[in-house]
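This structure is in structure tokens; I'll ask about it shortly.
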Amino acid sequence: MEGFEPKLVAFLCNWCSYSGADSAGKAQKEFPANIRAVRVMCSGRVDPQFVLEAFKNKADGVLILGCHPGDCHYKEGNYKALRRYTLLKEVLKPFGIEDERLLLDWVSASEGNRFVEVVWQMVNNVKRLGPLPLRSG
Amino acid sequence: MAEQIGVYICECGPNIKDAMNIDDVADFAQQLDGVIFARIFRLLCSQEGKELIAKDVHEQGLTRVVIAACSPKEHEHTFRKVISDAGLNPYMLQIVNIREQCSWVIKDKGRATDLAKSMIKAAVYRVAHHAALETKEIEAQPDVLVVGAGITGMSAALTLAQKQRKVYLVERSPCLGGKVVRYEEVFPNLECAPCMLEPALDEVLHHERIEVLTLSEINEVLGFYGNFIVKVTKKSRLVDMQACIGCRACIEPCPVEVSDEYNESLAKRKAIYFPFAGALPNAPAIDKEHCLRFKSQECDLCQKACQFAAINYEETDQVRELNVGAIVVATGFDLFDVKNASQFGYGKIENVYTSLEFERLLSSTGHTGGEILKKDGQVPEKVALIHCVGSRSKKFHEHCSGVCCSYLVKFAHLLKQKFPEVSIVDIYSDFCLPGKQTQKSFNDFSKEQGVEFVRVNDTNDLVISEVDGKISVKYPVSGAQDDKSLEKITAGLRDLSVDMVVRLNDTNDLAINEVDGKISFKYAGSGAQDDKSLEKGTAGLRDLSVDMVVLAPAIVGAVDAQVLAQMLDLTTDENGFFNEEHSKLSPVSTTTEGIFIVGCAQGPQDIAGSVAQGQAAAGKILSRLVPGEKLTLDPCTAEVDEDLCSGCKTCIGVCIYNAVCYDEEKKRAAVNEALCRGCGVCVATCPSAAITGKHFTDEQILQEVKGVLED
Amino acid sequence: MKRITINPITRLEGHGKIDIYLNDSGDVDQAYFQVPEFRGFEKFCEGRAAEEMPTLTQKICGVCPTAHHTASSKTLDALFSVEPPTAARKIREFLYNSFMFEDHLLHFYFLGGPDFVVGPNAPKEKRNILGVIGKVGLDIGKKVIDMRKRIRSINATISGSPLHPVHGLPGGVSRPLTEDDRAQMKDVVKDVVDFAELTLKIFDDIVLKNREYIDLITGDVYKHQTYYMGLVDENNKVSFYEGKIRVVDPQGNEFAKFEAKDYMQHLEEAVFAWSYVKVLYLKNVGWKGFVDGKDSGIYRVAPLARLNVADGMATPLAQAEFEKMFTTLGSKPAHNTLAYHWARLIEVLYAAERMNELVNDEELTSPKVRNIPSQPPAEGVGVCEAPRGTLFHHYQTDDNGIIKKVNLLVATQNNAAGICMSIERAARKLIKGGKVSDGILNMVEMAFRAYDPCLACATHSLPGDMPLIVNIYDAKKKLVKEISRH
Amino acid sequence: MGKPKVGLYWAAGCGGCEEVVVDLAEDLLTVTGAVDIVFWPVAMDFKYQDVEALKDAELAVVLINGAVRLSEQEHIVKLLRRKSKLVIANGSCACLGGVVGLANFSKGIELINRAYKEVPTVANPLGLTPQSVTREGDKELELPDFYNTVKSLNMVIDVDYYIPGCPSTPELIKDAFMAILENKLPPKGAVLADTRALCDTCSRRDTKPEKISIREFKRVYEIEIDPARCFLDQAIICLGLVTRGGCQERCIKANMPCRGCFGALDNVNDQGAKFLSALASMMDSNDEQELKRIVDSIPDPAGLFYRYSLATSLLRGKIDEAK
């Protein structure tokens, strides 16, 4: 997809991933302007409706980033996220939304590098897929 | 009235200004709905910056504020305070992180500008839906309940018992001091435990703000941080502690004899008894379970024997209701029940002891008065000390109890002191001697006894060098290794070996039997043994003969921790220890705020560790439960709308803080703001969208999503 | 040339449209019956869980959902190779008869009946249930409404909803009946036979005692020599819930008798670009166009057809009426389309009698109403007699019971060709010299109304679109006359 | 002025919701006594033409059931909107898209091809499919266009009130009529049913534990279903907790789980996603592989969670193919 600049929404948990993004920033590591960060207290706060709303509002991809398993500030919030995500992935299949357009991953507060890697990876995947063609008519 | 949103864009020196067309951004922000102005300022976190905002709030009548600057992690609190001091609700603020997540990371100026615009748009959309939130305060009870009067509980209690604060110290047994008070000498420096504890025991007993409740147990805990209501049953001692002087005249006449749990059931006690000589409080207790009077027989021998009319058969159990703000759980440990590992022959073979039993043998307050004798009254000639019984093994418990090696060294030392001739076989798979002094004492004891454990395990002796581009590691030999990489060792040190060291992969593979009055061992040998008699040994089973065995069983959580865990909404791990809130950052807190776990209730500890944890928990409590002060609650909690809630209970199962409860009357869920941490898991889960996550409502988040995506 | 567009047709379940072309002398040159509706259940049921099919396919039609639910449940029995326990079989059959009873009455009193009861030429605002009530009196009207209500309430007790049952499972039903349920059912069932007979009496008084109507019924405006198809029990008696499918030729000789699973060897569908309805015909005779007779594969189903293919009714009172009808009509098979109304009421009586038999059956309340499937699902066909004709469901699934392929042959599809012919014939016979009136056009509509067609079913699409309009166009499609029925 | 004029219309719906109007039984007489029904194709001979003859807003209210699938339906609901003061969406199809909305998992053309070309019984050598306009000699026959996407009523016209359900209930319809007659209507846009989820009135609620832990979901045909116990506690998927009440627990009483026909509650934008979120919280594992296994025990989750609401879900159905 030449010249296509996807829009990605990233739901970042306040304690790990948002700080992870900040530490990438503090280290002045370049990351793509395609990412639109939305801060939530916990990845477990991310209602599957948010993901669908993002797609509905023309997001080409959605990331949910939380604390690594076992490190959740709220003990099990990220596991709740993982459960929903696993089921959501299955539910999205008949909607024809490609797997790579939605990603749940773990980024800790210190993992600025990892944040940047995950984000670039996602942006490149979605660039390959092109814009999300929502149902018309 | 229409919203008046003020947008501030911080240049952050050059950090933001140079990375984007900041004027474009401001012009763009200016156009957004509800925005009455967008100002650019050099450094908003500076004094002038703060004053500028405060001034605008007053003069421009701002109702909401958006600040595009650095990460909210840096200055959200700063700016909340600024607008709140200026008379605006602190939650009418939205920070836009255009530094860490824009100017510092987007190298293309044009793109950075566009991103900043959409981030600010999202913030303006969001802030328009912010609600004023009030920080709630609740009355808090500064008094504290400490469960367990061992050394941990006592140190917590003593630290807590300050002015205007009462501490209830609840102990199940008749006496204070837990297990430690029943040890003779404790490692590393062989202090006399009872002597060490005596002042503390005394202070606890006579402290005006500590109420000791012996023979007492918790039956019910209600409420939450700052306001727990605890029901405690205080069993009747039947002995008036004021009247009793502890003369022991009542003990002898008692016709009943039962196994003495305070001497690890190695001896017998009466139905009226002192747990051990010198147990405090210094008064006996009557064990209703065995006392004849309570088996409807006529007996008042102890009462007759008492010169002080201290014995009162009429005393009844009472239930106390305590109102406390916090609870410290110091319920200690039990030992792994070695009967569950039959290979050790424990319980079947005489003279096979657990470490706690051996402590009682060593103790001058024990039934032998400190004499170490075999059952036949003879002095042992050869004693085996066995590490890691039921621990560090997938078969039983995987954890390392951390103290056994140390006290086994102590045992070896004390044995040698008493009987220089005794030979000791120390059977171990690894030595764990952490801390400042234990290794030293290990070395000292060994030398002083002329015992030399021939095993170098000090990595400081390693020599690492580069040889032909490869790394070569040279290290001193160990005389006793089964490690293949150590096969070719020189045996130079062997001759020095006096006592035998046998190294096994897993001491749980041992088999101990009785063969004509002797205890026989079978263990898997490892081929290379540092023992003359076994020098030519090849791998396989070896026989070796001793006449006393001391086992070091795993330290596990108190057997009935589960019961308490249920009452306190705590969880325990597979070893019976209570789970802490965070293994590193909050080791003594739990997921139930206001309930703390300390000492061996939390995990295996030595005495110092236990005391430190007791005091740590006390410190946490003292810092927040201040007499006369209220507890402030973060307003960003969840809230249930009863008109929408169907009582489906889905939210209740997902809250690990037990902050959401089900009102059986109304058939509705309700959030306890004092317990809610605002994670929002229940909000996302509620199928009726009946729960609002304050300051992170669906609407607020969706507005932000809409904003960042809009073209 | 003029075109009369009848769009849409009314007092039926479903969307229908009629185009009548008049030649210059004003006589009918050609008439088309179109169904402008389609939904595509065959496709969107793919991927669904098999056990959901009874409650999915019933949404094909809100008038005969019980027929789809039952056919679908039987298809699941076959799909999972599991037999329902006797009690479950009887619960299903009771519900089915109760449903037929109510559905047929709905047609007589609400849809088809008004044409006779208030008359084909009555003002249109009278040609409906309210007009019927006006004619037969409020007492009977209340009886009708009350009976329907009570029937619906026991259907709800048995199957969950008065409209869309939910109890069907492979190998049985989700809930056994209690003695309380039986008591409630008995309290309704005690009146159903009387009510059926009352209805037959109304039909007798209003229709059969009326020379004009008899001529209309026996006359050749509404007559076609076709094959007939219907379900019969082991004694070749009419059966709604189960049995073999029997086909007779226009002379009444058995042409075929087969099991549901063999339906593909006997039936085929034709597609027309000008209608959403697929037209069924007998594969082994073939499609010869919209013509009747022995050489045309066109066959008809539903009440009259069921009676035509059967040797009689399984219950005494209905048997007597059966004999009376064929004697009156003078031939078996009877080809008189309007006799559908009569046959329908005889089926009402049969259903009433059958309900009486079942409600007193000891086994009805046995707690054992399910056999849990033990075989992996694969493929199944199920059949039952819907009020409007023979209904086939056919599913294929993967091992996990996820639907892979669906085929549905639905009641009115069987009659589609017959309806087309009947409408055209009626139009030809009734419209002469360009003379059309509201009454005449209503009599054209009576030609399809007799079938009680469900065009929703016919297209597995959603019924009931626009009211009937008649426009007369000249050959250049200029509106020359708009017929208002006021 | 005379009695208020009322119309009933049936678009892409099974028509069950009009049967429900008939099920008003004796109340039907009350209602018909209080109003003039001037348009009701299934039961009366008033015609499309009669509707056009009406003045704008002459009707007091029209009850429309069914979704919008064909051009003709869109045309008529727009006409009715013009002719009526109030429009009430009656039943799941009109409110949510209903079962017919499941077609949005396919493309329109796939539905046509399956029905007219692929099914085993069809004999269609020419590969004909229905056409908007067909020439038969000198004659021209029209059919309405078949849309690619099923729409709910409010995607096509402005809707004043909603009565959900598949089908809706006589009680709800009667209440609606009474509210209109007595001028006691709630604010525009209201759903005229319960404000809480089905669990609120479910006879099994008290048997639902505070924590449900599911390691494998069960299908209704696989197990004997306890007639008194919460379905979810039996690992059977029941949409009651995400579905508006008012249905009188029809399915529950028949010992079958809720399938969601009354749609979601006021603050929920996507019934399927919300249910997914609640259900996932009951899946008892933190391990990815194990969770996948648990999810695999749900047959056709999307079809189940969006059973009645796909057409009105946030994504509305399967996305188009990339250009």
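So that you can tell them apart, the chains are marked A, B, C and D in the order they are listed, and the count of residues begins at 1 in each.
The rule is simple: contacts are C-beta pairs under 8 Å (C-beta built on N, C-alpha and C of every residue); 3 or more make two chains touch, one makes a residue touch a chain.
Computed from a prediction, not measured in an experiment: that's the story for all the values here.
Peer 1: Pick out whichever of the two, C-D or A-B, is joined by more C-beta pairs in contact.
Peer 2: Between A-B and C-D, the larger count of C-beta pairs in contact belongs to C-D.
Peer 1: So, what's the distance in Å between the C-alpha centres of subunit B and subunit A?
Peer 2: 35
Peer 1: Between subunit C and subunit D, tell me the centre distance in angstrom, where each centre is the average of that chain's C-alpha atoms.
Peer 2: 25
Peer 1: Where the CA atoms of subunit A average out and where those of subunit D average out, how many Å apart are those spots?
Peer 2: Taking the mean C-alpha position of each chain, the two centres sit 33 Å apart.
Peer 1: Based only on mean CA positions, could you tell me how far subunit B sits from subunit D in angstrom?
Peer 2: The separation of the two C-alpha centroids amounts to 55 Å.
Peer 1: Subunit A: which residues touch two or more other chains?
Peer 2: If we look for residues of subunit A contacting two or more partner chains, we find 47, 49, 53, 76, 80, 84, 94.
Peer 1: Do you know which subunit B residues sit against two or more other chains?
Peer 2: Residues 654, 684-685, 698 of subunit B each touch two or more of the other chains.
Peer 1: At which residue positions does subunit C touch at least two other chains?
Peer 2: 47
Peer 1: By the document's touch definition, which label belongs to this structure's chain graph: line, ring, star, complete, or other?
Peer 2: Other.
Peer 1: Using the contact rule from the top, write out all pairs of chains that touch.
Peer 2: A-B, A-D, B-D, C-D
Peer 1: Can you list the residues on subunit D that touch subunit A in the complex?
Peer 2: So the residues of subunit D touching subunit A come out as 104-105, 108, 147-149, 268-270, 272-274, 276-277, 279-281, 283, 285-286, 288, 291-292, 295-296, 298, 301-303, 305, 313-323.
Peer 1: Help me check something: in the complex, which residues belonging to subunit C touch subunit D?
Peer 2: Going by the criterion above, the answer is residues 1, 3, 7-8, 10-14, 19, 21, 30, 32, 34, 36-40, 42-44, 46-49, 51-52, 55-56, 58-63, 65, 76, 80, 106, 110-111, 124-125, 127-130, 142, 145-146, 148-149, 152, 156, 159-167, 169-171, 174-175, 263-264, 267-276, 278, 280, 283, 287, 370, 372-373, 394, 400-402, 407, 409, 442, 456, 460-469, 475, 477, 482, 484-485.
Peer 1: Enumerate the contact residues on subunit A facing subunit B in the complex.
Peer 2: 7, 9, 18-19, 21-22, 24-26, 28-31, 33, 36-42, 44-47, 49-50, 53-54, 57-59, 73-77, 80, 84
Peer 1: Spell out the part of subunit D that touches subunit C in their complex, as residue ranges.
Peer 2: 10-20, 22-23, 25-26, 28-29, 32, 39, 41-51, 66-67, 69-70, 72-73, 76, 93, 98-100, 102-103, 105-106, 110-112, 114-116, 119-124, 128-131, 134, 136, 138-141, 143-144, 146, 166-167, 219-225, 227, 250-251, 253-256, 259, 299-300, 303-304, 307
Peer 1: For a test of understanding, state which residues of subunit B touch subunit D in their complex under the given definition.
Peer 2: Touch list, subunit B to subunit D: 643-650, 652-654, 662, 667, 684-690, 698.
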